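Below are two complexes that have subunit A in common, paired first with subunit B and then with subunit C.
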Partner chain A sequence: MASSGSGYDLSASTFSPDGRIFQVEYASKAVNNAGTALGLKCRNGVVLCVEKPLLNKMLLPNSNRRIHTVDTHSGIAITGFVSDGRQIVNRAREECSNYEETYGTKVPPTVLGDRLAAYVHYFTLHGSLRPFGATALLASYDTETKEHCLQMIEPSGVSYKYFGCAAGKGRQPAKTELEKLDINKPDRGENIDVREGVKQLARIIHLLHEEGKDKPFELEMSWLCEESGWEHKGVPRDLIKEAVEWAKKDIAEAEESESEEDDDDDDDEEMNE
Partner chain B sequence: MNYMNQQPQPYAQQAYQHDGKSAETRNLKPGELSTGTTIMAIPFKNGVVLGADSRVSTGTYVANRVSDKVAQLHDHIWCCRSGSAADTQALTDYVRHYLSQLAIETGRVPTVKTAAHLMRRLCYENKDKLMAGVIIGGWDPVEKGSVYNIPLGGTCIKMPFALGGSGSTYIYGLVDSLYKEGMGEEETKLLVKKAISHAMARDGSSGGIIRTVVVTEAGNEREYIPGNELPFGP
Partner chain C sequence: MSRDSNYDHHISIFSPQGRLYQMEYAFKAASSASGLTGISLRGKDSCVVVTQKKVPDRLMDPQSVSHIFTITPQIGCLATGMIADCKAQIQRMRYEAADFQFKYGYGIPVHVLAKRIADIAQVNTQSASMRPLATVCMLVGVDDERGPQVFKVDCAGHYLPFFGTASGAKEQEAMNYLEKKVEEMKDYDADQTVRTAIMCLGSVLGSDFRGSEVEVAMVEGKTGRFTVLTEEEIDAHLSFIADSDA
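What follows is the complex of A and B.
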C-alpha cells in the first residue's frame, strides 16, 4: 500500500495528520529490502540465522559478518543497513561491559533489550537525526535465572520477546513457516530442540530463496545453548553443512510429494467419468 | 602533637609514625568520629548472621555508646560499617540508592554480589578520600547466604566468614578455631556474640552492646545484647 507522505515525511520530528511518523515507517521499509534474518527460541537454546546475498563474486566467503557477539552470554543478528546495525552492536557492547563493571554480573536480557530499544528510539525523536535502518535480533542468556531469551528491536524502538521472529525480505513467508514449528507449546519441555532448530531455520531460508530470481547467498548461523555452554558462538561449520544438505533434501521431497498428489487427483477424475 | 618540637621529616617516615594510635584512627581528621570497632558476618545454611559492637569514639571520648553499625542496604542485604562514621554513612546511602534503582530497572531482587560490587567501586575509586572498611552480607535467591569483605583500599572478596574493624585483630585466632562449615542459625549466632565480646574486652575502641541481624529468606531479625549480659568480658 503506497502512501504518500507529502510534506509530513521530511523529518522524524513531524507527525502526519493521521498520527504517523513517516520517517520511522520508511526506516522499516529499508529493513524489508535486505536479506532475511531469523531467530528461534528452542527448548534448550536460541538460534540466529541470517541470509547474506552475495552481491559481488569477488567477496571473500565468510567475511562481512552479520551476527555479532556482544558479550559471552549475548549475540545480535543484524539485517537492514549493515552500517547502522554496527552502531547498535557497538552500543550493546558498551552497555554490557558497563553493566558488568558497575554491578558485577552479566546484564540481564530484559535490561539489555530495553536499553537498546531506548537507544534506537532516541533517534526517532530528533529532526537532526535519522532513525536506524536496521533491525537487531538479540539472543541472550540470564545467568541468574538460567533462562534464555530472544528479542527483536525494530527501527521504531519497540522491542518484544519472541519464540520465533523474522525480519527482512522474506519475513512474511518465514513467519508462516515458523508458526508451523513446535515452539510455543504450553509444556516447554515438548518444544523443538536446538539442533532441530538449526535444521529448520536452514530449511526455511532455502525455501524462501528462489533460484532464478534472487542472488546466490551465504548462510550465517549462531547459537546460544546448553551445548555451547550458554555462550554465544557460531554454529559449527559441519553442522551448518549437514543442515543445508538435509534442508535441500527435505524441500525436494516435499515438492515431489506435491506433484504425486496432483497425479492421484487425475486418476480420481477418470474413475468418476 | 607539638609541631614546634618536631624536626622536619621525609613524608614516608611521617606516614609510619603512629603515636600508639590504631591504623584506623590515625588518619582521622581532628574531631572526626571513628567507628573503631569490631564487626563480623558469618553465613550459615539458610542465611547470614551479621554482628557489631556499638562504640563510636573521637579520640578517647565515647561519642555514642549504643550506635547501630549494621545498616540495611535492601530488603535482604545488610552492611557492617567500620572506619570513619561519616564516610561509611555516605557510602551506605549511595549504595542503597543505586540498589533500589537497579531493583526497579531489572524487576528482580538485587544480589549480595551486586551490592558488594557497587560498594567496592565507590571505595576503590575514592580510596584517597575515604577511610571505610565494610562487610556486606545478605540473602539472595542466586547464592543464598553470602558475605563479602571490603577492607580499606577497596578489595572485594567473598569469604566463608568475615571480620573487620580494629577489634577484629584480637579475635582471628578465636574465630579460626571455633568456626565450622555448615553451622546452623543458633550456633552461628553464639559464635558471633562470643567473638565480639572477646574483641570488646581487649580493644579500647570497641564496646557498648552487641547488635546482631539474622538475615534469611523469610526476613530479618534484629537483636541486641546489653553490656552487662555479654557472654564474656569484665
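What follows is the complex of A and C.
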C-alpha cells in the first residue's frame, strides 16, 4: 500500500511528482508507532494523558516523563520520538520566557501554539534537516481572556485547536471514543467536567490497551483547570488511581453486558458511574 | 521527457528540457493538497475573498481552521495549499509589512507587498537547500492611489494583478466563470462583489452551501479595513442570492 517513494523521499526539501513531501509523511508514521497520547478540552479545564509503555522492569516509576510543564499556564504532552519531543518542549519553554520578558505577560495560547507550529514546520523546509518525529499536545490558559485551550502540533507543522485529540498507536479508536463524549455541545455549560474527563481518558486508554499484545504501561496524566488554580499540574496520584479503578470496572461491566446480550435482560444492565 | 534523469527531480535545477520539476510539483501540491478552491475579485471600490471552510475532524475547533489571514488592518490574504506552508508565508508577509511601516512611516501598498513576497518565493526555486512553499496567496486591499487591488502570488514567485482570480482544486472552472463577468465587475458595489464571488464558488462546486461552510472576507473603500464576515452576514447574502434566483 505504501508507495516506494523511489528517490523522492530522501529529503524534506523534495516534492514528489504528485505533490507530496514523503519525509513529512514518514515522520507522521514514526509518531503512529508510539504510545497513545490524548487531550480533552473540558468545560472547566484541559486534561492531557499519555500511555507510557514500560520498556524495562528496572525503571523507576514516574521517571522518563512524557508530559512537561513549559510555563505555569501551559503544558505539553509528547508522543513519538521522545528526544525529538524534548527539543520541542525546550523551544516552547524558551518562547514562553522570551515572550514574558518582552511583553510582560504570559504568552497567549494561540501565539505559543503558532510559534511552535512554525518552529516544527521549519524543519520540513530544509534539505539539511529532518522533520521532528513527534507530535505535541499543548494545553494552555489565556490569563487575559480566561479561556483554556487545547492544540495539537503535528510533525508537518500543522496545528489546530481541538475539543479532543489523539495521537500515537491508538489514535483511531481513541478518536471514535472521544467523539462520543460531551465536548462540543452548543451550550458550553453542558460539556463534560474536568474530573469526569480524567475518568474518561483513563477509560479510553485502558480500553485500547490489549493485555497480551501490548507491553505493560504507566499512565501519565496532567490537567490545567480551576481546581489546579489554572496552573499546569500532574493530576493527583490518588485521583488517577480512582479513575483507573473506575475505568477497569466500567470496561468489565461493558463486556459483561455485551456477553449477556443473548439473554433477555440486557436492559437491566445500566452503566453505573 | 525520458531523457530527464531522476537527478532533476530532487533539487531546483533545470532538466535537459529546460523545466524546473520541483517547482511544478510544488504547484501540484498547492492546488491539490487541501482540496479547497479560493476565489477573489474586485469591484469598483471593494475587494472580496471567498473560500470553502472544511473542518477535517469533528473534534476540531472550527475557529482554528481558516485560510483567510489579516496581514495589516488594510490588507488581507487568502492562502490556499498546504496549511503549514501557508502560515509560514503569512508570517513572513506580516513581518515584511510591519518592517515597511516601521521604515517608511506608512502602510505598505498591496503591490509592494506582493512583489516582496514573490521575490522571496523565487529564491526557493533557485536554491538547493530550501524547497518552494506549496502555497498560492491572493492578496487584497484598497490602495489610495490605485483603488481596489487583487494580487496573486504563487510558488514560483509570479505575481500578477487581477480583476478576479481563483486558486486551488477548481481553479480553471472558477476562472472561466469570472471571465464571463469581467466587464461588469468593474462597476460592482460591495454587495454585488461579495455575491458574485459566492455565486462563482457555488457554481464551481456544483452545490449549495450554508454560511458555516464558507469563509468570506472583504475590504471596502479607501479607508476600509479587512474584515471577515460573520456567519449571519454570509447567510444574508446567501438568502439574497437564493431569492433573486427563485
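The rule is short, and it goes like this: the second predicted complex is superposed on the first by the 261 of 273 C-alpha atoms of A that agree within 3 Å, B and C clash if a C-alpha of one lies under 4 Å from a C-alpha of the other, contacts with A are read in each partner's own complex, and residues count from 1 in each chain.
FYI, a contact is a pair of C-beta atoms (placed from the backbone, for glycine too) under 8 Å apart; a residue touches a chain by one contact, two chains touch by 3 or more.
Keep in mind that what you see is a predicted model, and the values were worked out from it rather than measured.
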Combined model on subunit A where subunit B meets subunit C, clash or fit: fit
Which of subunit B and subunit C A:111 touches, first, second, both or neither: first
Inter-chain angle, subunit B to subunit C through the CA centre of subunit A, in degrees rounded to a multiple of 10: 60
Touched partner set for A:144, first subunit B, second subunit C, both or neither: first
First (subunit B), second (subunit C), both or neither touched by A:19: second
Partner chain in contact with A:75 - subunit B first, subunit C second, else both or neither: neither
Broader residue contact with subunit A after superposition on the shared chain, subunit B or subunit C: C
First, second, both or neither for A:103, with subunit B first and subunit C second: first
Minimum distance between Cα atoms of subunit B and subunit C in the superposition (Å): 6
Doubly contacted subunit A residues - partners subunit C and subunit B: 114
Touch list for subunit B against partner subunit A, complex: 102, 105-108, 111, 113-114, 116-118, 121, 141-142
Subunit A contact footprint on subunit C (complex, rising order): 6, 9-11, 21-22, 25-33, 57-61, 63-65, 82-85, 87-88, 91, 128-134
Contacting residues of subunit A [partner subunit B, same complex]: 101-105, 108, 110-111, 114, 144-145
Subunit A residues touching subunit C - in the complex, by the definition given at the top: 7-8, 10-21, 114, 117-118, 121-122, 124-128, 151, 156-158, 160-165, 175, 178-179, 183-184
